[in-house]
Amino acid sequence: FLTQTAGIHPKTDKLFHNHHDLPESDLMFSIGGDGTFLDAVTMIRNKKIPMAGINSGRLGFLADISMEELPKALDDILNKRFRVKQLDLLKLVTEIPDFGDFRCALNELAIQKRDGSSMITIHTYLNDEFLTSYWADGLIVATPTGSTAYSLSVGGPILHPSSQDFVITPIAPHNLTVRPLVVPNDVELKLKVEGRGGTYLASLDSRSCILDEETELIIRKAGFSVSVIEPEGHTFYSTLRSKLMWGADKRN
Amino acid sequence: FLTQTAGIHPKTDKLFHNHHDLPESDLMFSIGGDGTFLDAVTMIRNKKIPMAGINSGRLGFLADISMEELPKALDDILNKRFRVKQLDLLKLVTEIPDFGDFRCALNELAIQKRDGSSMITIHTYLNDEFLTSYWADGLIVATPTGSTAYSLSVGGPILHPSSQDFVITPIAPHNLTVRPLVVPNDVELKLKVEGRGGTYLASLDSRSCILDEETELIIRKAGFSVSVIEPEGHTFYSTLRSKLMWGADKRN
Amino acid sequence: FLTQTAGIHPKTDKLFHNHHDLPESDLMFSIGGDGTFLDAVTMIRNKKIPMAGINSGRLGFLADISMEELPKALDDILNKRFRVKQLDLLKLVTEIPDFGDFRCALNELAIQKRDGSSMITIHTYLNDEFLTSYWADGLIVATPTGSTAYSLSVGGPILHPSSQDFVITPIAPHNLTVRPLVVPNDVELKLKVEGRGGTYLASLDSRSCILDEETELIIRKAGFSVSVIEPEGHTFYSTLRSKLMWGADKRN
Amino acid sequence: FLTQTAGIHPKTDKLFHNHHDLPESDLMFSIGGDGTFLDAVTMIRNKKIPMAGINSGRLGFLADISMEELPKALDDILNKRFRVKQLDLLKLVTEIPDFGDFRCALNELAIQKRDGSSMITIHTYLNDEFLTSYWADGLIVATPTGSTAYSLSVGGPILHPSSQDFVITPIAPHNLTVRPLVVPNDVELKLKVEGRGGTYLASLDSRSCILDEETELIIRKAGFSVSVIEPEGHTFYSTLRSKLMWGADKRN
């Protein structure tokens, strides 16, 4: 039988379809960047099919098999020389029609002000207890996987893949004492947005939609995880070192 | 004669008109927040009329006279007990119809990606020499006055009011080694934007418009400055201490 | 009979001894700042006696009962109106004579370069797997409790008290891509230090000593936790808001 | 005649002496890292001899000519194909015997707490006007040249070489609202240190000494600058891009 890869990235002309023989249809290849991988997750969902991310361009955190490594990696995979790691997702419990019936994110949920509007206030509750009101351009709730993505760009910490935490990172917070907050992933988060425009932007990974301020968002850990193939020699640490150039240091 | 304040903020119900007797019509009051003050600047422009910012709500950096201080401040002002400080502006040299004929900013010029789109690349040149390409959500070019506004929220330094520099601060930069860059205000800056959507958002203080990627932006120091009244006892340092709570420290 | 407080801070003249009647000797008061509280922990150790931190000066994260609240708090405590929260400690497994037989820290273990010497390299391993080599002034391994202390000052995130993670935060890292790393508290951390001077400084909370570079440090979660009394109305969130002024925002 | 390089770095075994024929003794080579270059500055002082920094290891900001480039760079230099840039220094006006009669720094003056002691308070004045009191591990006053050194590691911005500013950057500040402050280099800075130990550490580039708290420090711009040779093709921008890897971005 054939295993089909679903690595289709609608916004780019670097489109890849891939058909691949494997003893059983129990493997999916995402070929493209991390964005492609995230899109593929919206197709796999909770089917527990292990995914392998092959990267046609710059190496990603998710799509971390390079074209050069591909022959060896395929050989390793076919010969069962790999580990499968489980990545937690977060779930937007609130039903938002625009997000359809798959409201999970592997990286993050992000709240943002609209184009050209002023800052928004994001009242935040953990298990229905008031935490604080962020006055900012937005707020990111990221999984450990997402901690190396958008959250990192706005100053968030890196979470180890086996951390049972999420991180809440504000985007351009006005209050200078606000810091990223790491919370257990078994809490329920509630966000209420307030601003001049009356609407705000919400994103689950690369999908986004415009919401009214009345729409409160409830976020929890998803009830399933995504299985990702980690070929021999690939570890979280080696990826950190190569992707974030933790080994490299060119100042004197 | 009457001096009219033009401090009208269209988006808030805390609207104030103010008519005030003064020996000569050589003073303008902005009553509202810092946003109101910035709007008033678009009316005063290069007329060299000193402005005083009276704040109806939380104290601002620009509108730094509180309602409680108002009687004393008015008395001081009428009796010439004040200093006038000059604040530099930056000027968008590129003619953008949406910005009209006043293309200056007291705080900052900001470039941003559009709603829900992915990051943009901002190729940046100083005096026509290539500096770097920022891959980010946006980029801020701030004056010393603006260094305590948006630029500060995304990690920029504070510039002393008499600094002859601007600061270039990226918004959510993807490259983790990028840092705010302080440059002399006599350079000419050129920004070229590139992204998937083909358009981007440009703002001069609180005014913003959507531009095509073909539109390069040239930024220079404006040829005039704004005169702001600094009542007795008000200094940049005291404002820093009270506004940013530099004196306050509630950790142990 | 009597419960004696052991909250004695040798370096300050704000010294308090406290003798207190309680039905059973099952409560300890630490009177002073957070430093006093940390010292008291070195006396209580794993005895599971609940501690209450009364603060004579500025409120602390640990010593969070103010003098004004004291009468009500005492009444609440005597009438059992309080919760007991458990705070995890970390343990320096390596036997270092200078630290005696109690090598645990409620806040953090910190490694630092010596006075006036140049940066040190800290080779870091998680469960014996190489993570990275930090080239920095030092490195902090903090518990959730310690995440609001030293680690926060050097840019670390805040960890929720019930997070099962530690955070590794470098001090003045030379490599600009290095970020705080949040790791599960069931890992074993190994640190090897290298530098020009041959020695480095290691601290467990407020106790510190000088070590040779040959001395590798092994760090794990301690096998016990400290019980801390949380009076009515005191929560982690309210402390965050009041201590870090998350509610306060004096910019406009 | 001979031009002697003085690039002697006492703390490393990578010691280089260099004797070099040049038509006139009007050029000094520093061979080593940036530290060697800083040491050489203490020998050249205000003699206006242009310096060229040749780097035996990793490229530096100051020692920015690599061994591979050396033949071409030498040829360029001998044929006058280079620019000379002037780098400002700061001067510690206060007479401190340990620093001898050369109390200038090309990079920074740094104040630090002593080994294992608690934080210090640094009362800071600009032109005798009180700015604020930093409660921190230390404070850095950096020139534009020094803005890419220690100050950068603790979160300071980068200053363009022709900026007429200094930057004041706290080390591990306890107050979370404190930010780096960029001030005109024609101000006079005064620092008063207060702490439990009674002493603190002061450094001028790589030289440091221990001072009593009574010792106030006055800092100004030095009355001379250092002339540095910038070979063809070397610019501040290209150095930023290569040293800080501003071009490199390995996240997806």
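We just call them A, B, C and D in the order they show up, numbering each chain from 1.
Throughout what follows, contacts are C-beta pairs under 8 Å (C-beta built on N, C-alpha and C of every residue); 3 or more make two chains touch, one makes a residue touch a chain.
Please read these numbers as outputs of a predicted model, since none were measured by experiment.
Student: Pick out whichever of the two, A-B or A-C, is joined by more C-beta pairs in contact.
Tutor: Ranking A-C and A-B by C-beta contacts puts A-C first.
Student: On a C-alpha centroid basis, what's the spacing between chain A and chain B, in Å?
Tutor: Between these chains, centre-to-centre, one finds 35 Å.
Student: Provide the C-alpha centroid distance between chain A and chain D, rounded to the nearest whole angstrom.
Tutor: Centre-to-centre distance between chain A and chain D: 41 Å.
Student: Could you work out how far the Cα centre of chain A sits from that of chain C, in whole Å?
Tutor: Distance between chain centres: 32 Å.
Student: Please output the residue numbers of chain B that touch at least 2 other chains, ranges allowed.
Tutor: Within chain B, the residues that touch at least two other chains are 35, 152, 174, 176-177, 179, 244-245, 248-249, 251.
Student: Looking only at which chains touch which, which shape fits best: line, ring, star, complete or other?
Tutor: complete
Student: Which part of chain C faces chain B closely enough to touch in the complex?
Tutor: Answer in residue numbers: 33-35, 57-61, 63, 148-149, 152, 176-177, 179, 242-245, 248-252.
Student: Which of the residues in chain D come into contact with chain B in the complex?
Tutor: By the definition above, chain D touches chain B via 126, 129-133, 135, 147, 152, 156-160, 162-165, 167, 174-184, 187, 235, 237, 240-241, 244-249, 251.
Student: Please give the residue numbers of chain A that touch chain B in the complex, ascending.
Tutor: Residues in contact with chain B: 11-12, 35, 112, 114-116, 118, 136-137, 150, 152-155, 171-174, 176, 196, 201, 203, 206, 208-210, 244.
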